[in-house]
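One structure is given here, and the rest of the page talks about it.
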Amino acid sequence: MNLEEYKGVYIFAQQVDNEISSIAFELLGKAKDLAKDLNTEVTAVLIGSGVKGLADQLAEYGADKVIVVDDPELKDYRTEPYAHALSSVIEKYKPEIMLVGATAIGRDLGPRVSARVATGLTADCTVLEIGDFPLQAVPGQEQLHNQLLMTRPAFGGNTIATIACPYNRPQMATVRPGVMQKIAPVKGAKAVVEEFNPGFTPDNKYVEILDIVKAVTETVDIMDAKILVSGGRGVGSPENFKILEDLAEVLGGTVSCSRAVVDSGWKPKDLQVGQTGKTVRPNVYFAIGISGAIQHVAGMEESDIIIAINKDADAPIFDVADYGVVGDLNKIVPKLTEALKAEIAAAK
Amino acid sequence: MDFTLSKEHEMARALFKEFAEKEVKPLAQEVDETETFPRETVEKMAKLGFLGIPVPKEYGGQGCDPLTYVMCVEELSKVCGTTGVIVSAHTSLCCDPIMTYGTEEQKQKYLVPLAKGEKLGAFGLTEPGAGTDAQGQQTKAVLDGDEWVLNGSKCFITNGKEADVYVIFAITGMVEKRGRMAKEISAFIVEKGTPGFTFGTKEKKMGIRGSSTYELIFTDCRIPKDNLLGQKGKGFNIAMHTLDGGRIGIASQALGLAEGALETTVAYVKERKQFGKSISGFQNTQFQLADMATKVEAAQLLVYKAAMAKATQKVYSVEAAKAKLYAAETAMEVTTKAVQLHGGYGYIREYDVERMMRDAKITEIYEGTSEVQRMVISGAMLK
Amino acid sequence: MKIVVCIKQVPDTKGGVKFNPDGTLDRGAMLTIMNPDDKAGLEAALRLKDQYGAEVTVVTMGLPKAEEVLREAMAMGADKGILVTDRVLGGADTWATSTTLAGAIRNLDYDIIITGRQAIDGDTAQVGPQISEHLGIPVISYAQNIKIEGDSVIVERQFEDRYHVLKAKMPCLITALSELNEPRYMTPGGIFDAYKKEITVWGRADLKDVDDANLGLQGSPTKIAKASDKVRKGAGEKVTLDPDESVSYIVDKLKVKHVI
């Protein structure tokens, strides 16, 4: 593998129902930074059926070039034809970096493609930067420059690892949605659009889609919520979660809970935050009546702002909270909801 | 001498622990508070074979050794004393005597569904006038044609009303013993639903409140002649031998309660702060915990030793008595200290140690009080 | 029907995380469990076994100690266990792991391969799809519901806002989510039986059609540049105020942080 042949920062521009997913724009935002450091261009790879018209949008968000693979076989996402499309693009165009969103599609497509083109893949990255590998020069080992350094949490957020892919190309990463910043779109921006079709011949690897069922669940995935109002055993009863729901509604947030609440049968398991539940990182996390056992904290400490309300001043939740209020949640929460209602109404 | 458990036993413990944490612990408080028999838990345990652990596979059991069974009761009791005793009474007091003394037909008919957990078992020896003194029995069984006719009552029966199969003791005659007339006692298998077999009042207890404790009443209760368990007149021996096994079960329950209280307390003292520091930083706390841990481990060694004795020896009365005596008294002491270390919170029902202390007390009483255990132990020494 | 389930012994994150000096995980120093998604995959296989009849073989790659998860799987109902272990396989990333497992699975007959979606230590979700690629069979990731129909499987494949009902010809690979099912418990008797069974142990030499260049730390394209315990953020402010003041305090903070 001649590593020098590989040029340019590529992103997989995920579309679903011919609508570009937000993650594609986020990847473009990051790709632009990386391309600047490497003095190269950003290319979006758009795969689908009848998707060519979406190329301009990708240009507005920072793509210099768009490679379109358009074929009826690519109408709805299926692993094999998409993997064939993307790996064919990689084999033909030889990108230096290939970014894919860590979505339900990307986390299926990425590994399949990386195995096919025989390169490494780093999953679910939260930080991408250009730097040296090894980070510090080591005697007897060549220090490589301009490497993609991919940082990702592991062990449910207990550890952080920075990973490089120094001897294989492309350097591939899947990137966690909601982490990278998209740029403000440049209206009227145009990209070089190139169509490419590697040819699709269905074989045993092509699966058949029998049905597509949309909007599977009514409940919001707490992992996607920007604001979480989370309750613990201190809320006292399932009925009393109403005051948390009211608060969440005012802020456009979602209610979640601690394990004790699930164990007591007050809330379903899919709302549980923590080691045995879900790991969340909303912009604001309200911990209400949650003592803050380490297992709970492991699932929410990544939140941008943590606000804790608890009557026990010694509760460990205050050790991780940015803003801790010692007091009676039954008195504070309803008043807080009213106050926020007034604030939001006034701001309109 | 090797004190390490085999990998099989380690894995079995992990299984019991996981089950206890996930399925039993979340219900423990409610089961106690509402005095509800945890029927769903019993069904789950039945599905996993927990109700037939030491019963051979050919009789529907798991074919494991007594130590595996002991660890099951121990882990269940760590989180819920009620669940622990349900398994102990069923296994040690009902499956075990049928396994040991039952005919092949009795084993097929009763032991197989008991071991599979399709049926629940209980044991009826105690009467209002015959607790520690088993010779004070009043319940009588008279052979009438092809049937035994039972009359009398039994009290404080664990799994009473919930159980389907009961091992019952009754007087079947008088025999001369060392020149005096003594009651001849025999054992019987009685099914729930047999005409003349009814239940009296449900006891309201201090602890193990989800366990169902009833009076059993027999009024001209006719059971088939074939339901005599073991030989006629051997009832006293059957009862005593069964209780030797039962005591290992109760010792395991006591051990579990002590361990549960200790674990809960260790977690609590690390979190709880007073005078600006965690109370685990105080020497009193540290020394109390050290004493508690030492006694718990000593109890565990005695209980496991008794389980091994049951596996390898014909007679293990003394091992069982020592295990039960020490584990029960340790349970009482450790749970009491656990409440003390919790301070005011320890006296509040929301905190598990409050329940554990109430649950612990019974282990010093049933299946032979601590005093009876001392009689058994010293009796063997002074023989 | 023959089903192969790939399982992994993972550190129980409750026990804390430890590293070797080279930045790889010190697996020997941590408490371990069967990876939850893999356990769901095993349960799915056992349900297929209950429903259609199947022989379930569990495969794991790891240290000799990983035998424990095979025993656990057999105590749950798996028929056979294969441990792939060799010094030269250590330090593998997902690429090298998938190459190794594919090399092991090539020795087996299979209609369905099931892997967990992802392991709680790495959270990569890559090994399953990569194995399928090496073996040239279809993959269905994020499976929710698995049925057999003739020579095909019908699976609900989960996406963020929908699911696809997919039909794939066997042999195929399915990755399972821990939400797929509630894995059964072992049984006490099953545990003792599992320890009586033989476990097949394979080393490097037993892997089929695998190049040395694709194995172990050397064969891993991705390299760890740095690994560390996450720095936990310290305590922020803590106030004790009356309810009205508490409310104003929180509202002010939300304003300062531009939440409202």
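Letters A, B and C mark the chains in the order given here, with residues in each chain numbered from 1 onward.
The working rule: a residue touches a chain if its C-beta (ideal position, glycine included) is under 8 Å from a C-beta of that chain, and two chains touch if they have at least 3 such contacts.
Here the structure is a predicted model, which is why all the values come from computation and not from measurement.
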Central chain (by mean CA position) = C
Count the C-beta pairs in contact for A-C and for B-C, then report the pair with the higher count.
-> A-C
Could you state the distance in Å from the CA-based centre of chain A to that of chain B?
-> 53
Round to the nearest whole Å and give the separation of the Cα centres of chain A and chain C.
-> 20
Separation of the C-alpha centres, chain B versus chain C, in whole Å, is 40
Hunt down the residues of chain B that sit against at least two other chains at once, touch-wise.
-> none
Multi-chain contact sites of chain C, meaning residues that touch two or more partners | none
Within their complex, state which residues of chain C touch chain B.
-> 68, 71-72, 75, 185-189, 191-192, 195
Chain A contact footprint on chain B (complex, rising order) = 25-26, 271-273
Quick one: which bits of chain B touch chain C in the complex? Just the residue numbers, please.
-> 7-8, 11-12, 15, 18-19, 48-50, 53, 57, 61-64, 68, 72
For the complex, which residues does chain A have touching chain B?
-> 263-265, 291, 314, 316
What residues on chain C touch chain A, complex-wise?
-> 11, 13-14, 16-17, 19, 23, 93-95, 98, 120-130, 132-134, 136-142, 154, 158-169, 172, 179, 220-230, 232-244, 246-251, 253-255, 257, 259-260
